[in-house]
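By written order: A, B and C. Residues from 1 in each chain.
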Amino acid sequence: MTLRPSSDGAQAAHPVAHPAVEVEGLHFTYPDGTASLRGMSLSVQPGEKVALVGPNGAGKSTLLLTLNGILRAQRGAVRVFGQTLDDSTVRAIRAQVGLLFSNPDDQLFSPTVFEDVAFGPLHMGLPRDEVLARSREALAAVGMLEFAERPPHRLSLGQKKRVAIATVLSMGTPILALDEPSANLDPMSRRELIALLARLPLTILVATHDLALVADILPRSVLLAEGSVVADAPTMHVLNDSALLGAHGLEPLSAHGHPHA
Amino acid sequence: MMSITQAAIQVTSDGPGMHIPDGFVSAPVAAAGWVAMVGILAVAVRVTNRELNEKAVPLMGVMAAFIFAAQMMNFPVAGGTSGHMLGGALAAILLGPWAAMIVMTAVVGFKSVLFQDGGIAALGLNVLNMGMLTALVGYASYRTAEPLLRGNRTALLASVSVAAWISVEVAAVSTSLQLAVSGSSPLDVVLPAMVGVHALIGVGEGLITAAALGFIMTTRADLLPQRRPASSSTGRG
Amino acid sequence: MTAFAAVVERYAARESVLHRADARAKVPAVFLTVLAVTSTREGDWLALALLVIPVVVGAYASKLGPWFVLRRTFLALPFVLAVLPLAFTRPGETVLTLPVVGWTASDDGLTAVATILARSWIAVAITALLVSTTTVVEILRALRTFRVPRLLVATIFFAYRYFFVIGEEAVRMLRARDSRSASIPGHRAGGTLRWRARVAGYMVGSLFVRSLDRSERVYAAMQARGYAGEPQFLDHAPLPVRQGVGAALVVAYAVAVQVGTRLA
């Protein structure tokens, strides 16, 4: 596993320790009037692995989409390594925050696996040799190198998810934001995915309902409800607070077997 | 029961009977079809690039896939036969004529390469007939009727039906002319035959197109071009 | 891999010269050869016979065999019906009279029909060799080298990718409809034609809504990876000279047949 954040990233440019991601008083309302974020604030340090949990509609996915400017908040600020997201920085920030969409069929839009993994580095304007090297490296990291020439419609869901992760890894973003990475996977594919995420030496935010995954690899949990942060604490504290979980539509994990501490 | 195989055969088989195979038209006619197609496409690409800019590729690509899939939406007619749509008129009403022509070129081209439904030397003619004429004629007929109806929904959908029907008939006429000019079929035989058969096929086209548009008007009117803002929002996360 | 893709794709995986050949050589070779075949004159049986040779050679060289190629070369029935009248309308010496209706077929007419069917069959067989030995992705990549506008190439790539996604969606909708299309003995089932067409139309409408939403999500996924409206492609290694020469030889043969038989 040799993948690392790109050396020309903001980390190097900002020697002062900035949080990797800083979200301040974020408000977002969809055009149809649904308010999704209502004053969301959150700070994530480089290297942290954070779970975003909460019921459907809590604002998890919306938050992820604001992190690299796919959605623009009406109020509040997003800062990535100290750089405030706006029109002039959005392209640079997209090279810092990689987004994994919940449905790999939305994420994998190229005719072959390799071309999809190469899409990010190619559109970042990297030279051809580096595009090829990064794409191979990323595919090797998720164990999908041998499927490079396959069209995505000839992959299983678990394989698609791994390739989708590779499409982000190849960009060399220091921050990875994942939306429901383990949803709908069979137990075996889910295991492989969790092991892969645990290995990645990146700052990771995961929006998920999979509390067992959270307990396994994400030491910090942020509980969201109705567009703001309800709890932000070490995962074990959040997951053991059945009253808190119950109040927000989540089932305590102990019902299926206690997570290892 | 509709099986996957049947659904696939549906898209792979020559439903409306208009994909000209190679050999049935003469080489000069086929070549002229290519020249015309390339010329029109060049304009369509320029216009679409300007109008849709960044969104052009994902929108038109997914829409071509949609038209493909829409052609699978068959309905039983009688005696084991089934009807389905060509989609040129619908694509033009939903996306505008230029984007629709690109979308339909992708669809017709794919059918030719993927399923050998229509020849490759004859591809220019097939794209012209089924992709470009249907889009242009369907759109023009619809746009002519629309302002006269003053927002009357039933009348609007009826005019959409007629527009779709006309688009299929025009494509049939054009196909007949190409066969006749090639010397492959006498005009006085092929023209009435094609126009007659497609008068019936066009009814299916009209009914499906109107119903599809009616569904969209009822459930997601915001998606229709007249009411769609220049840059609509990203889908809900 | 999805069952839908398995039914739809025509590529036949084998290990052969034709499979290994570069699509950038195969696509123009097939296109030009087909054009040459299309220009065969009526009644030029020698030319037609000579043009069958590449098909037979190709069938063996591709390891697909003649039967495989034959199975892929059924002719489109509506067009066969469209040319048949020529036999009866072309003036010439009567060689056949249909019983009952009394139509007369001329020798020139029959020659014309036979020529059209033969050259169409050869052209279809040549195309079948291409699509059975070349994956769609290879064919699409070849488009890039022929100066097709990027917008168009990228659109076609997306169409190919999402055809399988949306096609599967369509199959699921059809199944959901059919599983509810029951009938009770003694009752007339299925509704009117208009009603059935309308149900199909509603499915098309709902498929459109889903597809448009999907295109928005795909656009977001592209933006997230640095897309700014200008599609970029990985450039590929130049075409090996031998491949280009091979393709040119095939085309030259077809052209030589046409020219030779006209001069002879």
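Criterion: a contact is a pair of C-beta atoms (placed from the backbone, for glycine too) under 8 Å apart; a residue touches a chain by one contact, two chains touch by 3 or more.
No experiment lies behind these values; they were computed from the predicted model shown.
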| item | value |
| --- | --- |
| Omitting chain A while every other chain stays put - resulting connected groups | one piece |
| Chain located farthest away, centre of chain C as origin (C-alpha) | A |
| Chain B-chain C separation of Cα centroids, rounded to whole Å | 18 |
| Chain A and chain C: spacing of chain centres that average the CA atoms, whole Å | 42 |
| Length of the line joining the C-alpha centres of chain A and chain B, rounded to whole Å | 40 |
| Residues within chain A bordering two or more other chains | 65, 70, 109 |
| Where chain C touches two or more other chains, by residue | 136, 157-158, 160-162, 165, 214, 217-218, 220, 222-223, 227-228 |
| Junction residues of chain B, two or more chains touched | 58, 61, 232-234 |
| Sites on chain B touched by chain C in the complex | 1-2, 4-5, 7-8, 11-12, 14, 17-27, 30-31, 41-42, 45, 48-49, 53-66, 68-70, 72-78, 83-85, 90, 94, 102-103, 105-107, 109-110, 113-117, 119-121, 179, 183-186, 189-190, 193-194, 197, 204, 207-216, 219-220, 223, 232-235 |
| Complex interface listing, chain C residues touching chain B | 3-4, 7-10, 30-31, 34-39, 72, 75-76, 78-79, 81-83, 85-86, 89, 112, 116-124, 127-128, 131, 136, 139, 149, 151-152, 154-163, 165-167, 169-171, 173-175, 177-179, 190, 193-194, 196-209, 211-220, 222-223, 227-229, 231 |
| Chain A-touching residues of chain C, taken from the complex the two chains share | 1-2, 5, 136-137, 140, 157-158, 160-162, 164-165, 214, 217-218, 220-228, 232-235 |
| Chain C partner contacts - residues on chain A that touch it in the complex | 65, 68, 70, 91, 94-95, 98-99, 101, 103, 105-112, 115, 118-120, 122-124, 128, 131-132, 149, 151-155, 167-168, 171 |
